[in-house]
Amino acid sequence: MNATLQKMKDYLMAEETWLDLGIVLVKILVILLLTTIVVRVGKSIIKKLFLVRQKSPLGYSERRQNTLEKLLQNILANVVYFTAIIAILSTFGINVVGLLAGAGIVGLAVGFGAQSLVKDIITGFFIIFEDQFAVGDQVQIGTANGIVQEIGLRTTKVKSYTGELHIIPNGTITVVINYSIYNSLALIDVSVSPETNIPALEKNIQEFLKELPSKYEDLVKPPSFLGVQSFDATEIVVRITAETIPTKQAGVARKVRRDLKEFLEQKGFQIS
Amino acid sequence: MNATLQKMKDYLMAEETWLDLGIVLVKILVILLLTTIVVRVGKSIIKKLFLVRQKSPLGYSERRQNTLEKLLQNILANVVYFTAIIAILSTFGINVVGLLAGAGIVGLAVGFGAQSLVKDIITGFFIIFEDQFAVGDQVQIGTANGIVQEIGLRTTKVKSYTGELHIIPNGTITVVINYSIYNSLALIDVSVSPETNIPALEKNIQEFLKELPSKYEDLVKPPSFLGVQSFDATEIVVRITAETIPTKQAGVARKVRRDLKEFLEQKGFQIS
Amino acid sequence: MNATLQKMKDYLMAEETWLDLGIVLVKILVILLLTTIVVRVGKSIIKKLFLVRQKSPLGYSERRQNTLEKLLQNILANVVYFTAIIAILSTFGINVVGLLAGAGIVGLAVGFGAQSLVKDIITGFFIIFEDQFAVGDQVQIGTANGIVQEIGLRTTKVKSYTGELHIIPNGTITVVINYSIYNSLALIDVSVSPETNIPALEKNIQEFLKELPSKYEDLVKPPSFLGVQSFDATEIVVRITAETIPTKQAGVARKVRRDLKEFLEQKGFQIS
Amino acid sequence: MNATLQKMKDYLMAEETWLDLGIVLVKILVILLLTTIVVRVGKSIIKKLFLVRQKSPLGYSERRQNTLEKLLQNILANVVYFTAIIAILSTFGINVVGLLAGAGIVGLAVGFGAQSLVKDIITGFFIIFEDQFAVGDQVQIGTANGIVQEIGLRTTKVKSYTGELHIIPNGTITVVINYSIYNSLALIDVSVSPETNIPALEKNIQEFLKELPSKYEDLVKPPSFLGVQSFDATEIVVRITAETIPTKQAGVARKVRRDLKEFLEQKGFQIS
Amino acid sequence: MNATLQKMKDYLMAEETWLDLGIVLVKILVILLLTTIVVRVGKSIIKKLFLVRQKSPLGYSERRQNTLEKLLQNILANVVYFTAIIAILSTFGINVVGLLAGAGIVGLAVGFGAQSLVKDIITGFFIIFEDQFAVGDQVQIGTANGIVQEIGLRTTKVKSYTGELHIIPNGTITVVINYSIYNSLALIDVSVSPETNIPALEKNIQEFLKELPSKYEDLVKPPSFLGVQSFDATEIVVRITAETIPTKQAGVARKVRRDLKEFLEQKGFQIS
Amino acid sequence: MNATLQKMKDYLMAEETWLDLGIVLVKILVILLLTTIVVRVGKSIIKKLFLVRQKSPLGYSERRQNTLEKLLQNILANVVYFTAIIAILSTFGINVVGLLAGAGIVGLAVGFGAQSLVKDIITGFFIIFEDQFAVGDQVQIGTANGIVQEIGLRTTKVKSYTGELHIIPNGTITVVINYSIYNSLALIDVSVSPETNIPALEKNIQEFLKELPSKYEDLVKPPSFLGVQSFDATEIVVRITAETIPTKQAGVARKVRRDLKEFLEQKGFQIS
Amino acid sequence: MNATLQKMKDYLMAEETWLDLGIVLVKILVILLLTTIVVRVGKSIIKKLFLVRQKSPLGYSERRQNTLEKLLQNILANVVYFTAIIAILSTFGINVVGLLAGAGIVGLAVGFGAQSLVKDIITGFFIIFEDQFAVGDQVQIGTANGIVQEIGLRTTKVKSYTGELHIIPNGTITVVINYSIYNSLALIDVSVSPETNIPALEKNIQEFLKELPSKYEDLVKPPSFLGVQSFDATEIVVRITAETIPTKQAGVARKVRRDLKEFLEQKGFQIS
């Protein structure tokens, strides 16, 4: 017992102990410094490379180039930080690679625990390969709905309309809804009183709809009058659909709704 | 310490370092260029092959040929991009195949992590083998409802009515609802006042229904009057069913509902 | 670098390259042609075999023979298509069987990824062995409710009342509800005003129910009057149950409800 | 190429090919015939064995004997059908047992895929060992509620009150609710007007409850008056509980409710 | 072909075949007979052992002894039945132990399939070790709420208030709510009209609460008046809490509520 | 057959059989006796060790010492009971350790089945290491909300406000909400009539809030008036927040609400 | 038997037994003492290191330095406590490392059971690498919403607005919503009476909105008037959006809503 304590005391009192500790600390500081420099310089080089993209012989669309720029920055940062961690652990004498290669219980646990990491990276590659979505697209992934900010090796970042940033591990992305590929369709339901003359209403609304595309450029073609959606003793509901350029359906619906209200009141139809 | 820094400095200053880096960059550019050309040319060849499909000796239906065209393009792109990635990693000296073959913790993690990828491909093959759905069909897969745009190796793309593109990993597809195989059935419920003479109502509605198929060609046969669905102190609900060609039930229901309202009001029945 | 490009160019320019490609294409076309012929001829042979089923020495019920006919066609198609895929991959020089037999990371991933495929087939066999349901039965599997169209090796197809085809992987089938085995029971609740004389009402309804089986042949026996289900200040609810032949309860309930309304009004009871 | 086609043609034209095919078909027919006979004869033997059960030296209760009869028939059918499948596959030259014994990717996939099959059988044995429920009991398993029809090796069949047959894989059975072991308790809530004299009401109801067991034999003992469950400005709710023989609580509650309504109206209490 | 049939016929006709079958049947009957006897005798011995528990030197509480009695009976039955199954399978020449020891696909599947069985037993042991609940306690496990009837090796049985028996595999038991360890707390909310004088109400209720423990012995101490829980234009809600002996809170709340109503009406407070 | 029965009879009749059985029973009784004594003595020693904690050189907080006391008692009981089980099984000749060490199907199943046990212990250690919560803290774990009673090796016990004891396996604990670390915030919403003068209301309420901390010591500082939360045609809702010492927010809110009602009525504001 | 008891007695009576026990206890106390000292001293050293951060050559942002400070303290505590546990177990003669290295059933169970531990640590590293969130950010993780207090090796601590501390294992963190990165958007809906003149309302509101940024510094730019969100017979709803600095949207919305109410009433618009 006393021997052990004595040895411990000797160890703590020896000059080399503190010298070693100092060297380790300096090494760590140098590693951190290098890491920071490399990441910053690397990111700005990548940014500049993509500034000349119009002349790029590869002819990738601008949409994909945005994605690649962010991805390359993300890969760079991951590789550098990961290398730094291994280097720091090495200064403490921990041989990470040897640890991982040794098959044993630790290895088993790591193998199972790292599953979702591997799944994140595989899924991430496929999202970019298959061009499921690109930086700047409006998407819905699970409950997150917004504009894609970055597609990284392990996570995708989506900024919602109200400003929250959703950080989503790629491996948890299954069904993706992309609003930016095809034209959108606005649904506009109008309730009129049950005494309304439906054919007259239909004729009036159709004339009104014809003039809309000249007014709103987000409209791809004149909205169409679908017909009576439902009717009961208190109201008749008619439905209009309007094709707009991608993701503009809410704004168009808001404007059409306002104009239509005014128009129907002018024509003497009673809104219920 | 100093020795290490000196070596690092020497490495960074040496001409070969930068020459190597340049060659690597040129190689990557060439690979990307080739990839883009091969995918574009390949896709247009596949497109042309399918333009002559009427004369095809295989006699596949047009529906399946649409599917195969999109699938072949998807397989081509996947194979080419995947090859490109391995080639780029090789220029950095990373031996991907060797890495995968080596059994160890990394291998274990990759094996587990790649499960869902393999499952995607297996399920994708079976969707096409068993002709569960084809490009152009209206389907519901999970919460995604719309027209199939593409069935790929790993994902299926479905475009909804309102324009969103749903990108669904094949492995997450379990129950599929296909609306385009069989005729659809429109359910039309009408509420009348509780004082209504039911037999008279029935007779009138049945006469009205007989004339409908000549008016609407989406109707497969005259709709049938099912009878009283429920009754209480405030209303009697009667149900009509109409068989239509696939996916046209909503439009037919909307038109039948409008005509029926007009007809019942003419005949003096009170709608509640 | 140049050497590699030169080799690539030589390879692309050489006559054999294009000849080989042509032979591969011809082989694939022949395989596809054969596949189509074998599947079509095989399916019609199976169909004819089952046309003579009345004389079949095995004495299987017609219900099971329907199931077997569809199953055999499904097995035939699966086996032929699967063979075709392996043949096509062989023309590209990919040795599928060798790939599967080699144990490694790919093998591990395939083993895990193929789990659900194996589970589909095992569950499918048991569904047919245990006669859980047959082609033509009305069943509910998960949220899919309808008539079974086909029980295949990997999927079961159920057509709903409104015309959608549900394609369900067998492995995801757990609890099955089969409506076609036993007689069904229609529940008919009637609300009368709280001042109603319950014993008189009971006596009247019971007489009314006795005459029903002669009127509706789907009724197995006279419906029975269960009694007062609930009562409060605004209504008394009485319940009637009617045993019908399988799956006919909705139609019978609709007719009994209509007749009962007429009968009670005649007898002077007030429906609330 | 031509050589391959020629070989294929020779094979198809050769007399042995068709003879072999014929023999295979005959073998399959014989196997199917034998299977059918063995299952039918076996099932009727098992049925007869259990007809003499009163004299059985084992003294098992009738409830357990019902279960065993159905179980033995199920085991017999499974064993025979399974043997038949292996025999049929053997006629095609597929060595099932060898396939299963060979450890490889197929084996791995089968091992994983067969998990739920093994789990079904293990759980099934324990259901019968532990006498969790028997054929004829009313149980609730997941969302299925009804009378147990059969407990098999792999599935349990439950027939609901309205006639649907629920087929439940044993492995998915976790919590079982058995209604047939203990006496049931009917809960009867009565709302009276807030001006009611509670002690008088209590005294009257208690007298009324004493006479009930002589009237309804499903009642185990006189129901008890629990007291005021809740009160507010519009009503006072009192609760009565009635112990009945297993599963008869709904019928008893319906009758007690009707009698109680009549009784309270006679005594002049106002039901709200 | 004929040779096979002939061999089969010879086998079926031979006297030894039927003799062997007879011996097997007799063996099975003897095994079943012995099983029944051993289980019955064993269970009654265990019951008698626990009748002398007051003198037991181990000094276990009565609560734990109830649990142990049921557990030992359950273990005995499981061990005996399991032995019987293995013995019966042996009479058919199936070597169960050898089968289990042989590592192969069957072994793999069994290993995976038996997971939940092992988990049941491990969890069961810990429930008893840690005295989570005992026979006679009122518990809530998942959706099952009632009195514990038996804690077995594999399942726990809970009888609900209305008489259903819930049979719960131990492995599915995670969070357990035990109502029988600590005193219970009844929450009694009373709504009074918004014009009420709160301090006067508080003083009156507190006097009323002081006299309650002498009236109801389930009350551990006088209930306490917590104060105003919420108020709006139509009512003021005040809350009273009453500590009772375990599981008696519902009955006490019912009685206190009735007395309080009477008391407040006497004192002239208006209940809303 | 007879030989086997004879051997069995000889075995049952032999004196050694019964002697052995007697010795086994005595051994078990001694083991149970020792177990009970060791656990009781050990627990009281641990209790006494912690009574002198004020002088403890380790300087752990009282909160952590409570946790350690319960934990050590739990570890002691687990170790002793586990040893006893192995000793009892050994008296029956079952070599538990050898069984566990033998790799085979049983081992595989145990390995998988024991996963959740291992996970419980690992998670338990981390809960104590990281001081996530201590005995006496108010926490919410899943749906269980209450005071922590004990943190054991395998389970955590939480007693809810109304007296139920929740027994939670540590492995199922993921997100923990600890109410006892930081001050709590009471939210108090007040609805006033839409005609109210908001600035006057704000000024009055703020004066009222300043005097509160002197009245209620659970209040950390004067509550603050947040402003108008929502308004419509029928009411204006204003919100007040009050910081209190941990877990006292409900009581404070109740008192502030009562005082505020009185204050606003005095000042003539109309509560809606 | 007696021999065993005698040996046990001898062991308990021997002086060395108690001496050994004493030494073990002293060792444990010393270990605990050292652990406490090292953790305290280490944490204060880390705190001091970060006090000089402004001069740090690494140039990390203050936000990241907060995170690193907490992380380093957490790592230190984990490493020291873990070492202490292994040291204490060693004093009892349990060789933990040897136990973990030995592959067997225990190893298998530990490997599986430790999965989630490994997953926690891997995910934790990536949260910090990728700067998903930092100490001080407002985030939503699952159902926990609040300010990040600490990101540790295994858990993240989030303090909610009302004072609860959520302790979340890193491995259960999937989608993270970070409110502190981008500006927030407040949505303010106002209902006016259906007779309102919309263009006049729009003009007035827009003027009102222009003056707001000078009043509230949390507003990044003047809020914008989106238009009519919906209209029916009872109200017209118009929507205003206001961009604010991160996480300030609720407070701004409350103030704008109050001012707008006042403004509209002054201008004579009727709020419904």
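Labels for the chains are A, B, C, D, E, F and G, by order of writing; each one numbers its residues from 1.
Here, a contact is a pair of C-beta atoms (placed from the backbone, for glycine too) under 8 Å apart; a residue touches a chain by one contact, two chains touch by 3 or more.
Predicted model, so just to flag it, every value in this text is computed and none were measured.
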Worksheet item: Among the other chains, which touch chain B and chain F together?
Response: none
Response to the item:
For the pair chain A and chain G, the C-alpha centroid-to-centroid distance in angstrom is 22
Item to complete: Report the inter-chain centroid distance for chain B and chain E in whole angstrom, where each centroid is the mean of the CA atoms.
Response: 48
Worksheet, complete the sentence: Between the Cα centroids of chain C and chain E the separation in whole angstrom comes to 39
Worksheet, complete the sentence: So chain E residues touching two or more other chains come to 108, 110, 112, 114, 116-117
Worksheet item: In graph terms, with chains as vertices and touches as edges, which category applies: line, ring, star, complete, or other?
Response: ring
Discussion item. Once the touching pairs are worked out, the chains link into a ring; list them from chain B, going toward chain C first.
Written reply: B, C, D, E, F, G, A
Discussion item. For a test of understanding, state which residues of chain G touch chain A in their complex under the given definition.
Written reply: 23, 26-27, 57-60, 100-101, 103, 107-108, 110-112, 114-119, 121-123, 125-126, 129-130, 132-133, 140, 171, 174-179, 181-185, 187, 198, 226-233, 243, 246, 249
Fill in: Complex contact set, residues of chain E against chain D
1, 5, 29, 32-33, 36, 77-78, 81-82, 85, 104-106, 108-110, 112-114, 116-117, 142-144, 152, 154-155, 159, 161-169, 172, 191, 254-255, 257-258, 261-262, 271-272
